[in-house]
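Presented sequentially are two complexes of subunit A, the first with subunit B as partner and the second with subunit C.
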Partner chain A sequence: MTWLVLIPLLPALAFAAMAPMSRRVRTAVRWLPLAAMSGSLLMSFAAFARVWPGGGEEPVWRATFSLATLGGAPLSVGLRLDAVTAIMLLVVTIVGVCVQVYSLGYMHRDERQGWYFAVLSLFSAAMLLLVLSGDFLLLYMSWEVMGLCSYLLIGFWHEQDAPRRASIKAFLTTRVGDVGFAIGLAAMWAYAHSFDFAVVLRDTHWTVAAATLVSLGLLAGAMGKSAQVPLHVWLPDARAGPTPASALIHAATMVAAGVYLVARALPIFHAAAPWVLIFVMGVGTATALLGATLAMVQYDIKKVLAYSTISQLGYMFIALGAGAEGAALFHLTTHAFFKSLLFLGAGVIIHATHTQDIREMGGLRKTMPWTTGTFLFGALALSGVFPFSGFWSKDDILMTLWTQHTWWSLTALSVALLVAAMTAFYMTRVCIRVFAGRACSLARETHLDMIVPMAVLAGITAVIGFTSPAFAAFLGEVKGWPDLGMAVVGSIAATTGIGLGVWIYAFAGVDTQELRVRFPRVTAVLENGFYFDLTYNRGLVETFQWLTRLLAAFDTTVVDGAVNAVARGWSAASRVSWAFDGTVVDGAVNGVGALVKRAGDRVRTLQSGRVQGYQRLGYAGLLALLGLALLVPYIGALAAAACAFVALIVVGVIVVRGA
Partner chain B sequence: MASWTLIVPEGLLLAGALVALFAEVLFPGGRRAGAWSGAAFAALAAAVSIAAGSGAALFGGQFAVDPATQVARTATLLLTSAFLVWLGGAGLERERVREFAALVLFASLGALLMAAARDWIVLLLALEAATMPAYVLMGFDRGDDRSLEGALKYFLLSMVASLLFLYGMSFVIGMSGSTLLAASRLQPGAVGVVAAAFVFAGLLAKLSAAPFQWWSPDAYAGAPAAAVAFVSSVPKIAGLFAFARVVAVLAPQTAATGPLLAAAAVASMLIGNLAAYPQTDVRRLMAYSGVAHAGYLLVGLATGTVAGTQAAVFYAIAYAVPSMGVMLVAAQYGATLDALRGLASRRPWVAWATALMLVSLVGVPPLAGFTGKLYLFTAAMRSGWVWLAVIAVVMSAVSAGFYLRIMRAMFFGTDESGEAPIAGSPASAAVVVACALAVIVVGVASSPLLAAITFAK
Partner chain C sequence: MGISDLLSVVVFLPLAGAVVSALVPKTRPEVAKWVAAITMGLGLALTVWIVAVFDRTASGMQFVTNVAWVPQAGIHYHLGVDGVSITMLALSSLLGLIAVIASWKVTDRAPTYFAMLLLLQVGMNGVFLALDFVLFYMFWELVLVPMFFLIGMWGGTRREYASVKFFIYTLAGSVFMLVGMIALYLHTGTFDMVALAKAGSTGALGIGFQNWVFLAFFLGFAVKVPLFPLHTWLPDAHVEAPTAASVLLAGILLKMGTYGFIRVSLPMLPDAARAWAPWIAVLAVISIVYGAAVAFAQTDLKKLVAYSSVSHMGFVMLGIFSMTTAGLNGAVAVMFSHGVVTGMLFLIVGMVYDRTHTRQIADLSGLSSAMPVMGGLLAFASFASLGLPGLSGFVGEFLSLIGAWQSAVIPHWITVIAAVGVLLAAAYMLWMVLRVVLGKPSEVLRGLPDASTRELWVLAPLVALTLIVGLYWSSLLAFVDPAVKALVALVGGAA
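The block that comes next holds the complex of A and B.
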């Protein structure tokens, strides 16, 4: 089953092929990542079939690749395929293909779309590798690659200020968690002398102290990636990137990687001190509540969805805190489909109305029936309405909390029910604002190529909930159909939220503007997102800037002239670089043989004067050298092949010229 | 401890740089005092370097001087001193000569450390210490946008080179469990090859060898010619020397070294010699010439033999002297071919000395360039790289064309610009003539110098 390697490799190759291309060629081959992703999708189905019917503890397939011996210890990375992996592969590839198809329509006017598709492909490769990896080291590597891709995609429109800032914020905030992750990994290596899942999770006998340290480290990484309080601040800003990228990365897959990580490492969490799991649940509860609260007051449709994602990730962490790996993964799965659906719908809406503000939208149900329909599917699923998928997975989590029956799980349960009602409320608010009422713009329905992916996701959202018992069985857990009592309680919560939303926004039961005016302090707190950004700015950024200023003052007074001049000059240099570009290549040639002259000119055209071009050429040169170095053993055969190739081209040219 | 005298040259350069920085305070009225004092310090350091001998290692083996290292260090110091004499004589017709002198001394200090480094980390730090002042030197004309642009390009691409080197180096250190060069162990298989390739790629870029030569024509063409004269020549001796050290350590452990360096050598020789033809700016022309010469040097390293490495170190010196001399002339009398028209009638001594150095760069007996190439190509033939030697010989014949264009401009052109020639000073003219003499001496008395380049094992 070595072909499994191809699942992450295909999108990675697509990226490697596109990276050195010029902008024009990249745009021409923008379908390449989709082709690679489709291949991965087919193979993921095959992998799923191999694992079916699941239920076993042992992985179906595993492979270890020895990298090197570092400092005397063997360093190897491994892949493994088990039930969890099979499910995650399907989630990532299905959502990935839908987003890729959608993006072809969504991005088709963008000049740099080739780069977008290339990075999207690299991201898919990293995410697929993450779920396939059989040890924490490979997981960490792909984790970091995903972080890089997220940074690149958030800052895709880097000539604007907001995306650039958001990308740096996202990168730095997740980095805070990643430091914890790295410490956890180091502790893991120190104690277990291995990163392998089988060794670390099953064969190692953990002491409480070691397990606590490792699990807290991993948790820190997961909190950064999955935007848990207090590291959630980057996700609302991440909406600055292209919407389909948000759908894939910041709703469906990457942000769920933290949940996946904790789910994988749950045996270590069980071995740790008991308060660690309670802490996980506390983090999840706080995040779910905070996300839902803030989602209720946003006017930016993508920001509502971003806060909703934070809130739902909190839900998953609640499940993890209860030790219910299956429930968390089930919610991860259903959430991946309905939230990416919602984001794709939001993309279409923004495209059609040219605004992200829900106050300026309205009446889209008449002009955009398909978008309205699919978006409503997603909204109903998110609100937890039977029979849509969100109902089932949410019910799963609530039931787990009820069965555990400790004071903290019951607290979490009551908060979770409140959050469920709030979720239903804010989705009702968005839907009424956007789809109901008078049409206030000339929005038109989008093209088929963007509707189809949304329809596919909507279909999955509608039916996937019914697989709930099968899903559990596949993971090796025993679970029946939902308990009627909990289903009724959950539905009541959802209905309350919807009813309240309809009353306020459809029948204008309460004047929300008046509420804002009457409770200015509450409004201020909510509008500032509980002051997280402000606190970080005051506490960290400004301290750092103060330090920078101090050092700068030191610099200017102590170090004189040259340094400053060069710094000033370099910034000036970048300004004139453009103007200078065309003027480099000039000059007449005399007294030299024509052949040498032409060869010289050839070389000189590469010497364009653009530093980006030089770096690309250097990169190509490095690849050529690497290729050469690695192929040295086969150099004879290659030389023969090259000669044959050149001969073929020469013959071809002669034939064409002759014709 | 006698062995501590080994590091005295570094100390003297540091002292010289600091004195130069504060020259205006220390020597009131003497605008060029910084350069003169720097030249004195560098000359003194050269004398110490010769007197201190070789053989010992310092700092737990991270810093060591064997006879070959001593040659490279002494050559670097002498050239630095000569450059500073030129600078003090007339070279820069502008303020801030003291800063220029201090930066040159700092860069030279980095180069000295680089030659003596026997540890990956020290090597990296020395490499950076030698390059950092060079960024400033290349952007020395603050008012000139092209100078700043060239410096920025140099900086950005040089940083990429450093990162490549650092990346490869981290692999090597990880595999060998030690940061000492001598303790480097590459694992068989792809990891070792990739690590070596990254290290070489970084060093190739620093040496402005293809396929990483892109920065040098733009950087040189924008920079003040005086800065180019230093940056393109003096640090290259130590750079090549460090490169040779790394090759000597890694080559026996991976078979990819030879083909990899040979490929870079061929690409450098082709690109450098062919692209030099259409150039009318002496700086740009000499940049491509530098690329081509990096190619010749790589021929020696690609052989992987001691003879090849010796020849490469020898040729680095044989290249650096005329390269600096020619650029000094360009710095003083004009950096384009048109500006050099009719130089022979205005400054016959300088013109004849320049012609001699150009002829040496082509490789005409009995000058240093010829002897160096002879050693290089013989080493390549003996170790079986016949095709490589053939390409190198053909390419050095091709190179005659563009060097002759400079000579034709000097001797047969007439000055049409009508601008008043810059008044030359005796000191700066003497430096150019001294460089030409050195080319003859090194060429004729090559065997003692080559014999001195022996590596400790």
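The block that comes next holds the complex of A and C.
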């Protein structure tokens, strides 16, 4: 089954072929990544067929490559195919192909579109390699390459200020988490001497301390990539990139990689101190709530979706905190389809209305029926309405929390229900603002090549929920159909949110403007996203910049100042000794003194001298050095003493002058 | 002439080239540059040959030449190469040729200029191949002279100051190194570096003696690396040096310092090295973070790259004094990668400067729009420099980190701070990319030509090496590991 290597390799080759091309040629072959990705899609289906019916954690295929040997012991990376990988491959390739097809239409007027497609292809390669990785090192490496692609795509329109700043923010914020990831890997290597899943995840010798350290490191990386509080700030800004890239990278795949990482590493989390998993759940809960709260007050449609993504990723982290790998991955899967669908729909809407502000939109249901229909599918799924996919996966998570029945899981459950209602509310708000009301005359339905990918995703969104028991069984978990009680509770939450949204926005039950005016403090807090950005900018970024300027000044004045002071002192001392030596005929010492004096004078006065002088000086110095080197053996002890003497003088001068 | 004489040819071939080049009349600069290019090309070809026939499974010295030179004092003409030095030799030969081609447009006193580059090559190659301390010291000091003139005669506006500072600072360091060498000689009666390494590992030298000698060598090597706080000669020298000299300064001269630690300090003075390791690790980590922070604040592109060198060399020091195979492999990988990547950065900065006559970050913006190829290559080099996996910078940084964590002598908190350095590297590099590569093209870039064919040829081998080493670590580490393994066994560090 070595052909599995081709799954990431095909898109990688497409990138490698396109990268050195000229802009014109690149544009001409812009379909190349789609061709490569289609190949990967077919092979992913084949791979899935090999794993089916699954049910075990054992990989059906493994391959290892030796990266290097360290002290004779191999440092290997490897690929593996198991149930989790098979699912992730399908998610990435299906969404990937849909986004590629859509992009061909969406980007066709951009003159740098070839580069866009090339980077999208590199991203796909990295993401596919990530899910095929059989060890944490290869996973980390592809993780970082994805970060690069995300950076390049967010900053795609780099001549404008906002994308440029958003791109560096995204890269650096996620890299804050990656510092933890790297330390986790270093600790993993020190304790287990391997990065291989088969070794590390089975290792029964984990001490609690080691497992805690490693799992916290990995968690830090995951929190950066999956935009968990407090590292979530980059994701809302990432909307500066082209919308289909947001759909693929910042909604469906890359941001879910953190969830995937923790899901893979769960055995280490279980071996760690118990509070680690509770902490994971806490992070998820906080993130889910924060994302949903902020999504309710945004006017930028992409920002609503971005905060919604943050919130849903928080949901997945809640599941991980409960140790429910299957529930987390199922929500990852359903979310990948409906959220990419929503982003693609948003892209069409933005193109049609030339605005991202939902207040300036309206009545699109009449002019853009296809977009409206598919978007509604996504919105219903996200809101958790039966029978759309989000209903099933959300229910899984809620049920897990209920079954665990600890005080923290029940706290998380109540917050999760609240978030479910809020989610339904903000999606209702968006849909009413965009699709209902008076028609926006400019808007026109998009072309078929962009509708088809959305329709495909909408179809998957409608049916994939029913695979819930099969999904669990495929991963080797035993789970029946959803519990009716929890389904009812979840549906009540969703209905409440939708009802509230309809009442406020369709029937103008509450004047939101008046609310804003009446509670200015609350409005300010929400509009500033709980002041995370402001705090980071003031507290971290500006402090850091100030500190670097301070250190740079320190470097030139203090550190280098000390060097120049020594040179000055040396020069003065040599003048004194020169005067002294003038009476004692000692050519060698004179030569050194003169060299030192002249050089010292140069350093002190910074005046420009004649180069020939230096040349002569340098030749003389060279001859002296060669002579010294040749003389050493004959007068070894004497020369050693002389050198030690010179050294002592130098040290003495440094000490005296430095004091 | 047997195959073992290859090393001698590689070392002294450039000397012959230097003599020929110096004799070329000033009116025929093109002859001098061809002489230099051919000599360097031959040297590189011979190096490739050596690399090809080098036995990668052996840990000892290969291609050894060892003849008595001054028998009365036990001084030998002793050359040899092992897995560590062959990587440095390869880097030195490659960058030597690249430096010549990058200097193709130099017409000012060209014969002397190229003679200096060739003379420099003799010293650089010699340092990495010498196995006798007297020989080592001669090559070590020989390097200073041509570099002094390259900076002093072909440098920027403050060249006088920078060149004298460079010369005296590093010379002051080598005086201490000389003291250390002589002390070792008086104690053991030999200048033979292989024998001294054996003596050190068998515990023939007492810890009290080792400590003093270690300190002497430390001062000599640390200035060269340069380790905080002995680094301030570096930004001045880099900013004033002509492009080719900057490339060699960063690419090779800094590595002489870390090479010294690997070749001398660790094997000959292992007990002292272990005792000092935590303190050196502290200096290393200060270099990493401090260098990165100061780099962030720079307004001059070349100075930014110079301070980034201080940061990267900190990783080398951390890897070396972890005294683990992972760390030492990582250290050598950073040495190699830094030579390649920083070489690329200096070359590109030089190419931009040739066109715009400015290195001020504030004056430049939108390079990728004005010159797509040049801008793309600068971004590529930046990502390699900040340690992106798949490119060469990652290999060494990562191995240094896991080596440091594994190390019995370095506390974990030091490694944690070093890991933060990786974040800072991304910060200063991307902040530079944001201002220089991205954005709307600035006025000074208007209408300027993109990279020429010659410039692409200068950069192409470096781009290729960055990718090859980054994707296939063994291409480099297969040479290094056996030597490193033997060294770690010698000094008794962790596997």
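The rule we apply is simple: the second predicted complex is superposed on the first by the 540 of 659 C-alpha atoms of A that agree within 3 Å, B and C clash if a C-alpha of one lies under 4 Å from a C-alpha of the other, contacts with A are read in each partner's own complex, and residues count from 1 in each chain.
As a convention for this text, a residue touches a chain if its C-beta (ideal position, glycine included) is under 8 Å from a C-beta of that chain, and two chains touch if they have at least 3 such contacts.
Everything numeric in this text was worked out from a predicted model, so none of it was measured.
For subunit A, the partner with contacts to more residues, out of subunit B and subunit C, is C. In the overlay built on the shared chain, the residue A:N528 is in contact with neither subunit B nor subunit C. Once the two complexes are overlaid on the shared chain, A:F171 sits against subunit C while remaining clear of subunit B.
Once the two complexes are overlaid on the shared chain, A:L67 sits against subunit B and subunit C alike. When both complexes are overlaid on chain A, the residue A:T406 reaches neither subunit B nor subunit C. After overlaying the two complexes on the shared chain, residue contacts for A:A186 are found with subunit C alone; subunit B is out of touch. By the touch criterion defined above, A:L148 lies against subunit C but remains apart from subunit B after alignment on the C-alpha atoms of chain A. Look at A:N537: by the touch rule set out above, it reaches neither subunit B nor subunit C. Once the two complexes are laid over each other on the shared chain, residue contacts for A:S414 go to neither subunit B nor subunit C.
When the two complexes are laid over each other on chain A, subunit A has residues 67-72, 562-563, 596, 599, 603, 606-607, 609, 611, 614-615, 618, 621-622, 625-626, 629-630, 632-633 in contact with both subunit B and subunit C. For subunit B in complex with subunit A, the touching residues are 96, 99, 103, 135-136, 139, 142, 145-149, 151-153, 155-157, 160, 164, 174-175, 177, 187, 190-191, 193-194, 196-198, 200-201, 205, 210-212, 214-215, 217-218, 254-256, 259-260, 263-264, 271, 274-280, 398, 401-402, 405.
Considering their complex, residues 67-72, 561-563, 565-566, 568-570, 572-574, 576-577, 580, 584, 587-589, 591-592, 596-597, 599-601, 603-604, 606-607, 609, 611, 613-615, 617-618, 620-622, 624-626, 628-630, 632-633, 635 of subunit A touch subunit B. Within the complex formed with subunit C, the residues of subunit A that make contact are 23, 66-73, 75, 140-142, 144-145, 148, 151, 155, 158-159, 161, 164-165, 167-168, 171-172, 175-176, 178-179, 182-183, 185-187, 189-190, 544-545, 547-549, 551-552, 555-556, 559-560, 562-563, 567, 596, 599, 602-603, 606-609, 611, 614-615, 618, 621-622, 625-626, 629-630, 632-634, 636-637, 639-640, 643-644, 646-647, 650. Every residue of subunit C that touches subunit A in the complex is listed here, in rising order: 70, 72-75, 134, 137-138, 141-142, 145, 148-149, 152-153, 158, 160-161, 163-165, 167-169, 172, 175-176, 178-179, 182-183, 185-186, 216, 228-229, 231-233, 290, 293-294, 296-298, 324-326, 329, 366, 368-369, 372, 383, 388-390, 394-395, 398-399, 401-402, 404-406, 415-416, 419-420, 422-423, 426-427, 430-431, 434, 438-440, 473-474, 477-478, 481-482, 484-485, 488, 495.
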